[in-house]
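Chain naming follows the written order as A, B, C and D, and within any one chain the residues start at number 1.
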Amino acid sequence: MIRSRETRWSLFAAAVGVVFLFAAPQVFELFTIINLTTVLALAILALSLALVWGYGGILCFGQTMFFGLGAYAYTIAAINIGETTAPIFIAIFVAAAFAAILGYFIFYGRVSDVYLAVITLTVTLIFYSLLRSTSGPEYKIGNALLGGFNGVTSPPLNIPGDPSNVLYPEDMFYVAMAALILAYLFCVWLTQTHFGRVMVAIRENELRAELLGYDIRLYKLALFAIGGGIAGMAGVLFANGIGRVTPDIFNLYNTALTIIWVIVGGRGTLIGPVLGAIALFYLTSGLGTQASINNNLVLGIILIVFVLLVPRGILPGVIGIWDRAQSRSKLLRSEKRMRRRRAPRRPEQEAANDG
Amino acid sequence: MKLDRRRFLQTTSATAAVMAAPGIIGRAAADDTIKMVSILDQSGGLDIYGKPMVDTTVMAVEEINAAGGLLGKQIDLKTYDPQSNIQFYTQFATQAAASDKADVVHAGITSASREAIRATFNRFRTLYFYNTLYEGGVCDRSTYCTGSTPAQTVEKLVPYVMKKWGKKVYIVAADYNYGHITADWVEKYVRDNGGENVATEFFPLDVNNFGTTIKKIQAAKPDLVMSALVGGAHVAFYRQYAAAGMNNSIPIASTTFGVGNEHTLISAEEGNGMIVAYSYLQEIDTPTNKDFVGRFQAKYGADAPYINELAARSYEGAYLWAEGVKKAGSTDLAAVIEALDTPVSYNGPSGKLEVEPKTHHAVQNVYLAELQGQKYNILETYEQQQPADTLLVCDLVKEPNQSKFYFENGLEAAGIK
Amino acid sequence: MTGEIVLETRNLSQHFGGVVAVDRVNFTLWDAELRCLIGPNGAGKSTFFKCLTGQLSPTEGDVVIRDFHAGGREPHEVARLGVGIKTQVPNVFDGLSVEENVWLAARRWQGAKRAKVLTDETLERLVLGDIRNDLVGVLAHGQRQWVELGMVVAAEPWLVLLDEPTAGMTQEEVLRTADLIKEINQTATMIVVEHDMQFIRMIANQVTVFHEGRILIEDTMDAVARDQRVRDVYLGHRQQ
Amino acid sequence: MDLAIALALQIIYGIANLVLISLGLAIIFGMMRVINLAHGEFIMLGGYVVVISTNHGVNLWFAMLILAPVVVGLIGVIVERLLIRHLYGRMVDTLLATWGLSLVLIGLITTIFGAQTATTISAPLGAVPIGEYSTSGYELFLIAVAIVLSVVVYLALKFTRIGLVARGTMQAADMASALGVSTSKVYAITFGVGAAVSGFAGALLAPLTGVLPTIGATYIAKAFITVISGGTAILAGTTSASVLLGGINGIVSFGIGPTMGEVALLVAAVILLRLMPRGITGRIFRKSL
């Protein structure tokens, strides 16, 4: 019953992550380590969408809204409170709570599919429009001015209980990497629980799940809120990586990009979208260091070639090749076994099955 | 919190000094060049501004190198394209400061991107030049803002057009920080000159349907419209305004029309008669400028884009920095800052450009011009305008250890207005 | 009829635009019964079934299951009463294995341990053991039907509603299904919607015939089979 | 009174504008269930055809009404043949592919023509006085074009063979193949027509807007929201959603301000989809085109 292979690979992936956590600062240059905070924040954002969309089948076209809410909530809370430990939890709570409210609105209204995509996109764009026009001094929450288009400077994380002891950007890497590993393990665990199986079941067939007595609205809402919370946490890290939150987080480009990461990495896996986000970030930023060919052109061609050659995304593509070799022999064996058992008793059924 | 932040910056600069040690060794090893990094958008929505800026930056560096370089060394210019995306700004800023160990970085178009990277440059004690016209208010020891600010241009434009056209002014502006602050300055100068501000309306940057507003303007019957609209979508305003026949009845003045070469994106008859104010226009009739324009067009072809203030200032910004290095005789941060603040000046295409030591902004000429046939006729020249707005809040001579953006939340929050 | 009424519809109607698919039906099901609903295509029996299961919200009238007013409720609320439902088109989790499908049904009502046992029992009972690890999506139509029946059984319902359980099955499978239904009926009250008369003969004692959205007749199978009106509307229809 | 008429015309123009920028997307989505993220770039291409060709002395009307839809339509057919056809039934992959396509088109145009291209055209037909007010004659012309275009699409759906397939597809996604029509050909034509309509819209808007390689981003979100809010019916959905969203946008823009006008449009779409989870034509006008 327990998908032991998946668990094994997940733990392996997490172990690789832990090795990276300790090895990276020894191997990479300082600037790489500093920049990794941002990259890892985006990776966690991709993970949250991998959970909500890849596992839950909820095509959320506005995952960046929870990401942005987390980033803003963290920044505003930290400015008001004067330390950053509580704001982390406030940010996660705000993002999850908003996801829950929006989820209630969506799922109890039976909105799904592309219509759900448009609602989530639209709400994200509402945040984008509203936040951009908050440049005046009248837009403030507590002591924090919202800053409009230019955004707000985000206070850096401090050691819990010691507000004056702030983390250096390179120390943020440890926090971000640990957060990614923990968030990933949490998601793996979640998919293994009864809740996670029901979510997959709902993705596979909503009506059947309902007919079994599962309240799919509630399950979707719960998953949506969890995904929102994870995205909110990613937002906290992003605010630290950039040192600032701006309404651009909520723009169409970024929210579509999140979808692209998940497709590139592979839907239905958790680690795939994480790798997809990291790969695309470095591909795009790598292109940014050259100026001879237009970056959009190169990136666009790469994505198109990719979708034609690797239709299911990076990870499922690799697994598929691996599996085909494995399962072919397995299938042969089990078929032989079946034939041996059934053939003497029910020859007519074999015939029926063949026809 | 403010205290904590400052403390953070102090602690980080201390670490930066420690970390700079291996950096200095590294620099000594590759001491044959001076490292300059440019981070400007060459793709994405901001490329209309970024691409010409990169072109002129490259041209300036090539010229300096051809003339023997700086302090006997060649300038090694690296250009990064953040693709109109803030996460790449911080990525490349960190790379420039921590990995390339740049002696100077010329970077940033929007204020959001500038603020995101300024913190990084502070931390790594990297000299930073911001060559874009913007809302003013940055007050930072190691940052130089060479572009014009609203007080410099709006102050001249408003009285001129009010005298010419009348006292009732209708303001349309982009709904973001720069638009709001510019609108504030326009309102102030309209009041100061005894005019009446009929209405101020703000538009999201991606709106490109201005019909209802044009009707409102028709209803309000102002003497003139002041525009602080920004970006590709807002070009639509001028076209729809002309399509409704308004350009013949109520004229438009602007300090933002043209930074994205908007005057070539609308036809001649749509733009004729508009009056703008900038600290550089390609049409400036001086030998230095004509020579500059000639070299630019020779390098980038006859189809080269119009050179606007952003592009010209990027060129001049590079030279201004080079003057500072020459005077300092080194690329050491403190020495270059000291040299720049003496103050250094550079006679460029726009005329004399001089560092204003209190604000690290630039004293510069301002030109008023009328658009005719997609070209500007210069009407007035105002020599050596001070960055009056930033001077109200910033004094780096008295208080050198500052790194603030005073106008982050508008003028009112900064105590002006 | 004796015993307790477990399911009842009162003036149940379902309209689609101007079309009246179910027209003021009063239907009563008694405890431990195995009731078959028959009728030609378009008679309204499937619509009626969907009203019972919460898939459709009735335009008028009510469905009462024991004391619960089920009309207009969500399917999961109906299922939560202990009702096992199998729809006309096999509704299974194609991307999951046979075992996981059944487990999801069992686990809805039971703790992890009991669910495991129940899953194993059900797989054995329905002879699905050999294909327990196969993805349901790759199975033949009849097998998928069986998986769905397994899901119904694993939930240990006291009331079972089946819509055309033998559609697409081989003769052999139909026979086994008939046996299974009788077996389920030992512990559960049942409604089976079917139009395969042969199959109904195998399992039914009491039959309700639908015609044009109403109940035409309700009697034993033999009596129904002899009824001229049924021959006209139902058998006549089948011959077309 | 004059103001009321002028404003009403302006709001109607806002609606017509929304119809124009959405219809191409609606055709492709309605018939093929492909969400074309390069839609904004098709509009941009239409604008570029007009700007570039008029710069080379081509007549403005010819460029807008004929050249732009033909060129962009052909590009659409080529894109369908080379790219989209490999991805049918994989809605999610088409998201990625059309996203890539949008980047390629932006990059290609920037590489060829630079970040901006000077133009010589302005809106023809002059200004039309309405009492003390005046409105653009060209905007009135665009209202007429939007109406004519809608009627043409209606007739095409109602009376042509492709229209028949389209109606089938709108009712049930796999109907088209069941009808035994060569779906491959139908899809190529559909994608081409959708692209042509988008290019046409871009061309018509070129004299009223800025034409830049990156301008597509201005249109795509609004078009996407309008089409999906409308539901599956290509024409009834798009027009009804345009009327609702464009109307609200216009009224709020005038009453409160442009920023709130934009927000009101978005909020209206969210509420609409909550109340009608399958869009307007999923709930009412179900049998419409």
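One rule holds in what follows: a residue touches a chain if its C-beta (ideal position, glycine included) is under 8 Å from a C-beta of that chain, and two chains touch if they have at least 3 such contacts.
What you see is a predicted model, and the numbers here were worked out from it, not measured in a lab.
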Steps in the shortest chain-to-chain touch route ending at subunit B and beginning at subunit A: 1
Chain pair, A-C or A-D, that carries the greater number of C-beta contacts: A-D
Chain at maximum distance from subunit D, centres defined as averaged CA atoms: C
Intercentroid distance (Cα basis), subunit C paired with subunit B, Å: 74
Length of the line joining the C-alpha centres of subunit A and subunit C, rounded to whole Å: 40
Separation of subunit C from subunit D, taking each centre as the mean of its C-alpha atoms, in whole Å: 48
Separation of subunit A from subunit D, taking each centre as the mean of its C-alpha atoms, in whole Å: 32
Residues of subunit A whose C-beta touches two or more other chains: 129, 133, 253, 294-296
Two or more partner chains touched - positions in subunit C: none
Subunit D, residues touching no fewer than two other chains: 106-107, 110, 217, 259, 262
Listing of all chain pairs that touch each other, if any do: A-B, A-C, A-D, B-D
Subunit C to subunit A touching residues, read off their complex: 53-55, 74-77, 79-80, 85-87, 91-96, 99-100, 103-105, 107-109, 112, 116, 119, 130, 140, 142, 148, 151, 155, 170, 172-173
Complex interface listing, subunit B residues touching subunit A: 1, 4-5, 7-8, 11-12, 15, 19, 42-44, 54, 78-83, 85-88, 90-92, 94-95, 97-99, 110-112, 115-116, 119-120, 123, 175-178, 180-181, 202, 204-205, 408-410, 412-413
Partner subunit B, residues of subunit D touching it in the complex: 3, 6-7, 10-11, 13-14, 17, 106-107, 110, 114-116, 118-123, 126-127, 132-139, 207-215, 217-218, 250, 253-254, 257-259, 261-262
Touching residues (chain side subunit A, partner subunit C) in the complex: 1, 194, 197-198, 200-201, 203-205, 207-217, 337-338, 341-342, 346, 348-349, 352-353
Contacting residues of subunit A [partner subunit B, same complex]: 29-32, 34-35, 38, 42, 78-79, 82, 129, 132-133, 135-137, 143, 145, 147-151, 153, 155-156, 158, 163-164, 166, 168-169, 238, 241-244, 246, 248, 253, 281, 284-285, 287-291, 294-296
